[in-house]
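Some structures to go through are shown next.
Next come two complexes, and both contain chain A; in the first it sits with chain B, in the second with chain C.
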Partner chain A sequence: MNRCMKKGMPGQLRQQGYGEMCRVPGRKYAVIYRAVLMENMQYAANIAMGFFSYFVFIFIFIKLWEYIYRTPGELIAGYTKEQMIWYVMMTEMIWFGSNTGAVARQVTADIRGGNIAYLMNKPYHYALYILAKYTGEWSIRLPMYALLAAVIGAAMVGAVPGFRLVTLPVMILCVVLGVTINAVFKICISLFSFWIEDATPFQWLYDKLILVVGTVFPIEIFPVSLQPLFKLTPIYTVCYGPAKLIVDFRAEKCIEILSVQVLYLAAGCALMFLVYRKGVKKLYVNGG
Partner chain B sequence: MLTAVRRQLRVCMLSVKYNIMREMINPVTFVTNIIFMMLNNATILVQWFILFRLRDDIGGYTMKEVMLLWGLTAASFGLSRVLFARAFSLSELIVSGKLDSYLVQPKNVLLSVMTSATNISAIGDFLYGLVLLFACGFNVGRFFLFLLFTGTGTVIITAFALILGSLSFWFVRMEMFGNQMVSGMISFMTYPDGIFRGVSRFLVYFVIPVGMAVYHPVHIMTEFDAGMFLEVTGYAVFLMIAAVIVFYRGLKRYSSSSLMEARM
Partner chain C sequence: MYAIKAEDLSKTFRVKVKEKGMKGSVRAILHPQVKEIQAVDNVSFSVEEGEMLAFIGPNGAGKSTTIKMLTGILYPDSGKVDVLGIDPTKNRKQLAYCIGTVFGQKEQLWTHLTPYDNFRFFGAIYDLTDKETEMRIAELKECFELGAFINTPVRNLSLGQRIRCELVASLIHRPRVLFLDEPTIGLDPVVKENIRELIHQMNRDYHTTIFLTSHDVGDIEKLCRRIIIVNAGQIVLDDSMEHLKKCYLEKENVHSSPLSLEDIIMDIYRAERRATGE
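Moving on, here comes the complex of A and B:
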């Protein structure tokens, strides 16, 4: 039997030419991505149920910034009130739109529950399988949240100041890279479950770091001495970079952010493969 | 009557105790969950330090009052998830027909259900609340008021979750709605009421019970007001009674899924 046809393979994979698929590098991940994407399209209504939390969060921040900005046209850290609210809406859109279970809960559950023993023997790299699955999940969620953010923003704040439609493709690229970098780092953290059984508490800390420092404020609002430090963290590439380009697009800033994102992604992937390789050596399977 | 109440309370406490003991099988994970939850909560202070660099007050609150607000929210939410965690996932029990095993027990159904699970990381929330209270400066009067309002806050949050969960007796797909409402409530609880005006103020005081759970208690702890104090305690009792009535009304509509399940 072809290794690709082992038990547990998604149904759609079984219906295609697996032998050929396994020989073409990357194609199996594209098939996994497509299968998850199609599965998630069935649950679009469920995803929409999460809009309430996003709306509450944005509503609170609109009220908060309305309170803090006391005079029209006032600038805080170089941002107008509209820019500041749009910044939060964009970072939260990325956060809510990419906040799916695959990279955090599933990896930890697979390792804790022993399911990893089956998955690591499949003809794919487990970490890339999770990444493909995750990409399939957010490919539905993120556009839905982007649409919601655009509607709420237009209704409650007004248009993004200085927004040009021609810059949209590069902004989308920047958001996609940011989401992927975030996923890679979250997988790395989840893989620590090989050593400590449950890496969820580390996920909380990482999430809070991104949420508090990255999504709520732009980096410019922090003390000048701390700003270079934040630029070295994933915050710069995951939240700040994409949102900054959306609210205040500049060509030189765009090149800088994209370059840093590519470097970060390469380093993150290297770390992910290393942690996985070291981790599987620690795996004990207790029958079952 | 009193003996029956005492026995019921003892059963509830034993249930919580065994829930915690079950989680302590892996002590490292147990302790890590608690400590990291406290650290997780502590990171939020960064946000407030930044905001107070911009303005001296946010919604009429100083840093000390925000810490009190956070402390009370964390302690109330934490205690409700330690003692009555199942109230937050009641919908799933109803939808999947898993209430059967509680119905055949000789003790109070609602209390047995609510105390049948404990969220361990919530211990970290509760302890974090106490840490923030002490960080605001120790004061005996405020300490006892804090403990009392943690109690009323716990009752209000649990009752609110219970009412939302009980809606599953009548409507389908309420679990996600309930979770969204509870998380929305927690989001509102961690920001000063002064930033909400007009409709949003009405919302946090009369639709989502945030005002009675934390805003009024923080105002009382800052400056005691007997009228407000009675309002908060009266509201907590009222909401608790309402939640119990809604649950038992709904329970009459419950139909078993013939699921075989043992509860030990």
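Moving on, here comes the complex of A and C:
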């Protein structure tokens, strides 16, 4: 059924001769996503400049784990050497591939600088606008880093242990959900700029938590008493979950991680809308 | 019928105060102090549909804060706002479909996209069908003479061309009220004149209500039939342009040459500054 027709249009606007409307849910966010994607395609070469940092990082970790795993077949925290290296490569791929400006800096800058005033007077939700922009940004970066990780991994470590192509779609879904959850929580933190002058220190704390616990080391490396606590944090859904599935895919684990991700995304979005609704009333933008 | 109605609108900002020097910085951490600034103070006015109004005042008078309250960006501390029968504080999104905004110092266009792609983008943002957007682009392209650069990325356009595109982007959804905040800032006299003519045309052809703030007396004189002057958050004058000029004609006797609108406005600003002790 064609949803682009007049009957879906609010009565008041129809009376005012607004014109033929197309109120397909999410259409405007898809358009924002497309515009950012088009922009970022022009900067693919700039994105590739970051490959060097990724390579250096991964090279150090490969050498580190090769030194730690002295005997073939040795297990550390339940991971073989290959699994451990692939785990770090995958989490770093997510980190590098999704670490863009939209959620990390733009929201705080928009609120502090007053630019939010010029973005809010459009008929879209600001938080979803940022999310759409962010998705447009990582949609170029993440596949580029995924390709790089695959090449480095294949050349220096070998194939992912037990990898089956049939599980790839669900792994991609898990990574996409993880990246989106991360963005939602980062937007929530940035939105606190409505109350405090600068939410950047909180972003820094959150980033470091994700980086140290879950990105550089899997949760199983940490003391058993801390592991349940970590599993309650976004770490479990953002980086640990997707990377764990890639290096050690099991159906029951997959269902568990995806379920937690859906719950986290729903709770994160609810929190994001709530913080925005409350915060926007506190907006302080003076001057032209 | 009223397009805009503001009643007893007030807005206060809390601004951090810091004493000078290092000592002041340390003290500001231990004992932060804030002072309240009354940006808008019990402002009431109304604008008829199809009217072209100049809302002017010196820097810091409260013009932009008022526009932001009228467009739903800021929440007033007290008072009521009604724009086209919609309360901006409650239905900002609904209001966004009926109004357009151009801020001369801020660009809303995506600079890596061409004007055409931008207009398609804004058409989708305002929920217009592709067919409807195309029709409007064709109409506005002709009206604003964009043919020569409609497919050039915005970042490569001159300021005058960009402002014309900004106006088109704001008009793509055919808004009933257009808020223009210094739309001709930084433009050369010829381009300024073109932009003014286009704004005039929009008002004439589409009966668009124009709410203009500008420091350029030429914009005010050539476009608006009514003027509101604000200072220190309060309305100090609300009069028709014709009446304002007529009243001040008497002053010509004491001046060597006839008073221009700029002289009149400057006179009012100076008198207000003296009265408020600034």
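Here is the rule we use: the second predicted complex is superposed on the first by the 266 of 288 C-alpha atoms of A that agree within 3 Å, B and C clash if a C-alpha of one lies under 4 Å from a C-alpha of the other, contacts with A are read in each partner's own complex, and residues count from 1 in each chain.
In this text, a contact is a pair of C-beta atoms (placed from the backbone, for glycine too) under 8 Å apart; a residue touches a chain by one contact, two chains touch by 3 or more.
No experiment lies behind these values; they were computed from the predicted model shown.
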Touching partner for A:D198 - first (chain B), second (chain C), both, neither: first
First, second, both or neither for A:V212, with chain B first and chain C second: first
Touched partner set for A:Y67, first chain B, second chain C, both or neither: first
Which of chain B and chain C A:K122 touches, first, second, both or neither: second
Touched partner set for A:F222, first chain B, second chain C, both or neither: first
Which of chain B and chain C A:N46 touches, first, second, both or neither: first
Contacts of A:R27 with chain B and chain C, given as first, second, both or neither: second
Set intersection of chain A contacts, chain C complex versus chain B complex: none
Interface residues, chain A side, partner chain C - complex: 4, 10, 12-13, 16-23, 27-28, 31-32, 35, 38-39, 42, 115, 117-118, 120-125, 281, 283-288
Interface residues, chain A side, partner chain B - complex: 46, 49-50, 52-53, 56-57, 59-60, 63-64, 66-68, 76, 196-198, 200-202, 204-205, 208-209, 212-213, 216-217, 221-222
Residues of chain C defined as touching chain A within the complex: 13-15, 37, 39, 59-60, 63-65, 68, 71-75, 92-94, 96-99, 101, 103, 105-106, 108, 110, 112-113, 117, 121, 124-132, 136, 173-174, 176, 181-182, 213
Of all residues in chain B, those that touch chain A in their complex: 26, 28-29, 32-33, 35-37, 39-40, 43-44, 46-47, 50-51, 54-55, 58-59, 121, 176-177, 180-181, 183-184, 187-188, 191, 194-197, 200
